[in-house]
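Read from first to last, the chains carry the letters A, B, C and D; within each, the first residue is number 1.
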Amino acid sequence: MRMKFFAALGFTVAMGSALMVFATPPPAGSGSITGKVTYTGTPMKMKPIDMSKEPSCAKQHATPITTENVATGQGNTLEWVVVYISAGDEGTTTPSQGVRYDQKGCQYLPHVLTMLAGQQLQIYNDDQTSHNIHPLAKVNQEWNKSQPPGSPPIDTKWDKPEFIAVKCNIHPWMHGYFAVLKTSHVSVTGEDGTFDIKGLAPGKYTVTAWQEQYGTKTQDVTVGAGAATANFVFTATPY
Amino acid sequence: MGKLFAVAVIVITLISVSFFVMHTWWMPVDISTTGPAIDHQLEETMTGSGLLFLAGQLVLGLFVWQASNKNPARKIKMFPGGASPLVAAAIILVGIEILTLTFVGTKAWGAVNLAPAAADSLHIDVQAEQFAFYFRYAGPDGQFGGLHPDKIDDGSGNYFGLDPANDVAARDDVVVGSLVIPVNRPILLSLHSKDVGHSFYVPELRIQQDFVPGIEIPVHFTATQTGKFEIVCTQLCGLGHYNMKAYLQVMSEPDYEQWLKSQEGQ
Amino acid sequence: MATTTLPPGAEITLDDHGSGKPPERTPRQRQVTMPGSQAQKSETGMWVAVSAIGMSFAAFTSAMIVRQDASTDWQRFQLPHVLYLNTLILLASSVTLELSRQRIAAMPDAARHAAGSAKALLANGIYWLYLTAALGLIFVLGQLLAWRNLAAQGLFLATNPSSSFFYLFTALHAVHLLGGMGGLFYVLRKLVRSGGAGETSGLSAFSIYWHFMDLLWVYLLLLLAMRM
Amino acid sequence: MHETSASHAAHQHTAPTSFIRKHVFSLDHKVIGKQYYGLALLAVFIGMGLSWLMRLHLGWPAWPIPLLDKLSAVGAPSGVMTPEYYLSLMTMHGTIMVFFVLTNAPFAAFGNYFLPIQIGAEDMAFPRFNMMSFWTTFMAFLVMMAAFFVTDGPPISGWTAYAPLSAVGGDAGPGLKVGQTLWAISIAIFCIGSLLGALNFIATTLDLRTKGMSLARMPYCSWAWFVTSVIALLAFAVLLPACILLILDRTAGTSFFIPAGLVLSDKLQPHSGGSPLLWQHLFWFFGHPEVYIAILPSIGIVCHILPVFARKPLLGPRATVGCMIAIGFLSYMVWGHHMFVSGMNPFSATLFSVPTLFITVPATILTLLLLGSVYGAKMRFTSASLFCLGFISVFISGGISGFFLAQPSIDIYLHATYFVVAHFHFVMAVASLFGVFAGTYFWFPKMTGRMMNEALGKLHFWLTFIGVYAIFMPMHYLGLAGNVRRYSAFVDDYLIPLIPVHKFITIAALLTGAAQFIFLFNLIWSRFKGPIASENPWEATSLEWSTATPPPFDNFGGKHMVVYNGPNEYGVESRDGKDFIMQTSPEKAPAS
C-alpha cells in the first residue's frame, strides 16, 4: 500500500509537468496554429485560497495558491484557455494512452485537462487526505466518488464532448475542468497566453478558444505548410 | 453464579467511575465567559448522578449476592415497607433533583441562548457549506454586502454569493477560512448555511449551535484566552462531515487589528 | 393512510371464518365468557384504526401550519366551488348508510312476524348501501373535477405549498374513501351471502369508518377554506 | 385444574395443512411471532456486521479490510472504505437496528407469540391483518436491503434522515439519489406494517381476554405490549406522513422541507420556502416514543421473568404498570430534547427539558421496584435470570446519562458526541436486547419444545455483559472529551489523541459480536438437539405455562382458560406444596 503510494508520488513528480498539457498522439501533419490569448479591461482578482482547514495541504504551499478561474499573466495574457479545432478536423482516433489527473496539495493538476471523448482518464490522489471527485457533468453522466489516501486511481472515461467542471466538496476551493473534445488538435495556454496546435494537415479550420469564465471565441484559420497564427482577445470585467 | 455477578457488577462499576473521578478524559479548558456555568452544571450533575449510579449498581450487586445464598431453609424476604416508600422516595428525591437542575441549568442555558448579544459585539457572518466554514467580516465600511445564492461560485472564491458588481457594501467584505477574533471582546456570529444542516461546535467555548438552511441563527460569546482552537461540524452533512472544520484564532486586540488590515489589503 | 390499502370491513369475516365452527358457538355466546367480545373486536379495531388515521391527519395539519409560518411564499387561492357540492354528496352518503343500517337492524324483529318482510328489509338495506357506494364514487369523481379546475388555473402539486397541501389532503382522503368502498363491497357480499344474519358488527364497523371519513372531509374542507 | 369445555374446541380459523399456509402465509400468531423473530435475527446480524465494519474503520482507518472491496468495489476500493461508504453503513446500521430489530424483536416477535396466550385468547383479533403486518414489514426490509444494491449505495444521511440533506437528492452526495428514496419508501411501508400490528395488539388486549383475565391480572409483559402498541399506533401514524412529505420533496418537486436559495454542488436548488425543522419535529415526535417502543416491552419481559427466578412476587405490580403508562404518556411531550441546539426557539428548550427530566421519575421507580424485587430473593441463576439482572444494571447505566442530556445547558456541550451514542446504546439498544435475550432463554422451551443449553447461555451472558460495558462505557469518556459522533475518521487535532480509546472499543466490539455467534449456535443447536421441555419448566404462573409445549394451534387445545389469580403469585405456599400458584388455578392466593 505504502509502496504504491510512494510510487505514485514519484511518478507524479517526474511526469507531472510533462503531462500537464499534452497527452495526445504524435502529429500527423506538419502545419500548426500558434497564437496568444489576451484580455482587455480589468479582470477579476486572483484571490488567495485559505486552506487552513487542511493543514497537510496548506503546508505544501509556501505562498497560498490563488483561484484559477481567471488566471492572468504579464501583458494581459490569459492562462488555462483551451484552444482547439472545432471544425475542419477529420479522422481523429482515440489514443490507447490515457491521461492523468492529479490531486496534490488540495489542488487539481492540471487545472484544465484536455482529453478525447472515450479516452481513458486516471485520477490520482497524491494527498494524505480524502478527496471526493465530483465532475458536474451535464451531457455526460454525473458522478461523485471519494478517494481516500492511498487508494488506487479512479479509472474512467467520458463518452461525449463536454467542458466538465470538477469539484471536491471536502475542499470547496478545489475547482478544475475536464475539456472533453472530439479532436486531439488542442492546446492549452500557459501563463504567457500562448498556444501551439501542431500536426495539422493543410486546409481550412475553425479554431475555438474556451475560457471557463468568459466562454468561447471562434475564428477561421487557413493552414499551409508552416505555422498559421490566430490570436484571441477576451473582454474582462472586474467582478 | 450470583456471587460472581455481584463481583462483576461492582468491579465494572468501580472501574467505570474511576475514570470519571480521575478526569482521564475530560472537557478541555474553558475559554468563554459562559462556559464556567455550564461546567459547574455538568460537575454538579456528574456528582449527583454519579452517586446514584454507584448506589444503584452496588445495591444491585449486594442484593444479588444475598439472593444467591443457597441455604434451602432460607425463606424469601419482602422488601421492608413494600413499594410505596420506594415510589414516594423516587418521586421526592428525583423530583427535587429535577427542579434544582432545571432551576440552576436554565440560568446557564439562558446566558448562552436567551441573553441578547452585547451592543458593541463584533459581528461576523458565518457560512457553513459542504464541507467547510467560511467567515465574513464587514470590512472598513462596517457593512455586509447582500447575499445572492445565484451568484455563489466556489471556483472564483465567491462562497457567499456576493454581488460586488452592483453592491458596493460587498466589495470590501473580507472572506476567510478561519475565525479570527480578538480576546475579551463580545462576538456575535450569524450562522447561515449554503446547502444542508451543519453545526458550529467549539468544545473550548462550550458552544454548539446548528446551522439551519433557510434561517439565520445568532450566536454570541466572549473568548477569555488567546490561542488556536478547532471549530468542528457536529450535524451530519454528507460524505465530508468528518473533515469539516476550521480554526478559531483568538488574538490580542492589536494582533487582531493587524491581521484584519492585512486581510483587507488582499 | 395506514389502513388505506386494506378494506376496513375486512376483519368482520373473522367472526365466522372457518366453517367447521359448531353452531352453538356464536359470537353472542362468547360474550358470556369474556369481558369483551369477539363481536366487539371489529368495532374496537375500527375505532383504533380511525384514531390512527386521525393522528396522521393531525400530523399533516401541524405540518401545514408550521410550513405556512415558515416562509412568506404561501399563496392563497380560491377553492373550487365543486368542493361544496361534493361535501353535500358525501354527507348524503352518510344518511343513506344510516337508512340502510336501520333496515338491517330491524330484520330480526321483522323475521319474528313474517319471513317475507325480513327479506324485503334486507333488499331495501342493500339498495341503500349501493346508493352509499354510488355517492362515495360521485364524491371522488367530484374531487377529480376540483383537481382539473386547479390544474386549469396552473396550480399543480409542486406549484406552491398551498397547492401541495391541497392535493395531498384531497388525494389522501380520496384514497381512504376508496379503501372504505372496498370494505363496503366486502360487507355487501357478506350480507348477500348470509342473508343478513350476524353481519351487523361488520356493518357497524364500516359505518364508523364511513362517518369518520365524512367528518374528516368536513374538517379538511374547513381547514383548507381557512388556509387557502 | 383447568376449566375445560369440550364443546368449545373450535379455533377462529381451522388449522391449515399446506406448507405455505402453515409456515409462510400463516394466520397463526405463533408462526407470525416466530417469523418476526427470524426477521429480527437476520436483521440484527446484518446490523452487527455493519457495526463491525464501522468499528474496524474507526480503529484503523488506513487498514484495508479483507474482502470488503469484493463486497463493494465502489464503497471500498482496495478495502479501505470511503467516507460515504462509512456513512452508508452507519445509516443502515441505525435504521436496521432501530426498526427491524428493536421494534420487531421485543414487541412484534414476542408480543405476537405470547400476548394472545397470556390473556387466554386463541389468536389475535385480526389474524389476517396480523399476517399482512408481518409481510408488509418484510417487504419494507427487502426495499431497505435493495439500497445496498443500487449504484450509489445506501443513503448517507443517518437513521434520522435530516432534511434537507435527505430531501434534495443526488446533489447532496452519494447515496442520496436512489438509496435515500428507497429508504423513505421502506420506512413508509414499515409504518403501515407497524400500524396494523399495533391495531391488532390493542383490539386483542381489549376484547379477547379470557374469563377472569381482568386488566389487573394481566402479566406485566402483556401490559407492556399493550402500552407499547398504543404508543406505536400514534408514533407511526406521524412518521408515515413525514415519510410521505419527504418522498414528495424528493420526487415531485414540492418544498415541504427544502428552503429557498440552497446551492449544492454549485447548483441552485429549484425549491423554496420549506422548513428543515419541520422534518425534525415530525421525526422526533415519532423518534422519541420509538425509544420507548424499543424499551418498554423489554421492561415488561424483565418484570415478567424476574419474579419467576427470584421466586418472589414483583414489588409494586400496580406501580410498575402505572410507570409504564406514565412513560408512554410522557414520551409524547419530550421530542424537543433532541433539538436543543437545532435553532428552535430557545425558550422551548426548558419546556421540553422539564418533562424529559420527569420521565426519570417513573424510570427510577421501575428500577427501584426491580431492585426491591431482587432483595431477599431465592434467586435461581439461569441464562434468562442473568440477562434480567444484567438488564437492571445496563438500564441504570443508560438511564443515568439521561440526566446529563436532558439538560439543555449540558447538552450544548454533549450534543452529538459519543456521550449520546453511549447513552442511547445502553438504554435503548443493549437494555432492550438484554430483555430479548432473557425472553429468548425463557420462552424458547415453550416456542420450540426444547430447552436451550444453559452452559452456552451463561457463557453468552458473561461475554455480552462485560463486552457491552467495554464498548459503551468508554464512549462516555470520549463524549466528555468532545468526540463528535458520525465521523468516519478522526482528523481533528483534539480527536487524534482519542484514537487509542477507539481501538479499545473496536476490539471489545469484535469480541462481543463474536460472542453472539454462541447465542446463534445455541439457538439452532437447541432447536434440534436440545432436551425436551416440559409444560412448565421454570415453574411460572402465567397462562403460556398452562398449556402444552409447544402450544397447539388454538393455544389451549380447545380448552377455555379461566383465570383466578394475578401473575404475581410466587413465594407462596400452594395446596400442592409448591411455592407458586398458577393464574389458572382456582386456589385462592393468600392475601399478602
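Everything below uses one rule, namely that contacts are C-beta pairs under 8 Å (C-beta built on N, C-alpha and C of every residue); 3 or more make two chains touch, one makes a residue touch a chain.
None of these values were measured; they are calculated from a predicted model.
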- Message: Need the graph distance between subunit A and subunit B over the touch network, please.
- Response: 1
- Task: Report which interface contains more C-beta contacts, comparing B-D against C-D.
- Result: B-D
- With centres defined as the mean of C-alpha atoms, identify the chain lying farthest from subunit B. C
- Note on the structure: Per the C-alpha centroid definition, the whole-Å distance linking subunit B and subunit D comes out as 29
- Query: Measuring from the mean C-alpha position of subunit B to the mean C-alpha position of subunit C, what distance in angstrom results?
  - Reply: 50
- Distance from the CA centroid of subunit C to that of subunit D, rounded to the nearest Å? 34
- Taking each chain's mean CA coordinate, subunit A and subunit D are separated, in whole Å, by 54
- Note on the structure: Flagged in subunit A as touching 2+ other chains are 129-130, 132, 146, 165, 167, 169
- By residue number and range, which residues of subunit D touch two or more other chains? 82-84, 173-174, 259-260, 265-266, 273-275, 277, 489, 491
- Message: For subunit C, give me the residues that contact two or more of the other chains.
- Response: 70-71
- Message: Touching pairs of chains, all of them, please.
- Response: A-B, A-D, B-D, C-D
- Enumerate the contact residues on subunit A facing subunit B in the complex. 44, 47-54, 67, 69-70, 129-130, 132, 146, 165, 167, 169-173, 175, 212-213, 237-239
- Query: Quick one: in the complex, what on subunit B touches subunit A?
  - Reply: 129-133, 153-157, 159, 163-165, 176-178, 238-240, 243-247, 266
- Query: Which part of subunit A faces subunit D closely enough to touch in the complex?
  - Reply: 1, 129-130, 132, 134, 136, 142, 144-152, 154, 165, 167, 169
- Show which residues of subunit B lie in contact with subunit D when the two form their complex. 1-2, 5, 8-9, 12, 16, 19-20, 24-28, 37-38, 41-42, 45-46, 48-50, 52-53, 56-57, 59-60, 63-64, 66-69, 74, 76-79, 82-84, 86-87, 89-91, 94-95, 97-98, 101-102, 105-106, 108-110, 112-114, 129-130, 149-150, 152-155, 161, 194-197, 199, 201, 203, 206-215, 217, 230, 232-243, 245
- Item | In the complex, subunit C residues that touch subunit D | 1-3, 5-6, 10-11, 13-14, 17-18, 20-22, 24-25, 33-38, 40-41, 44-45, 48-49, 51-53, 55-56, 59-60, 62-63, 66-67, 70-74, 157-158, 161, 164, 168, 172
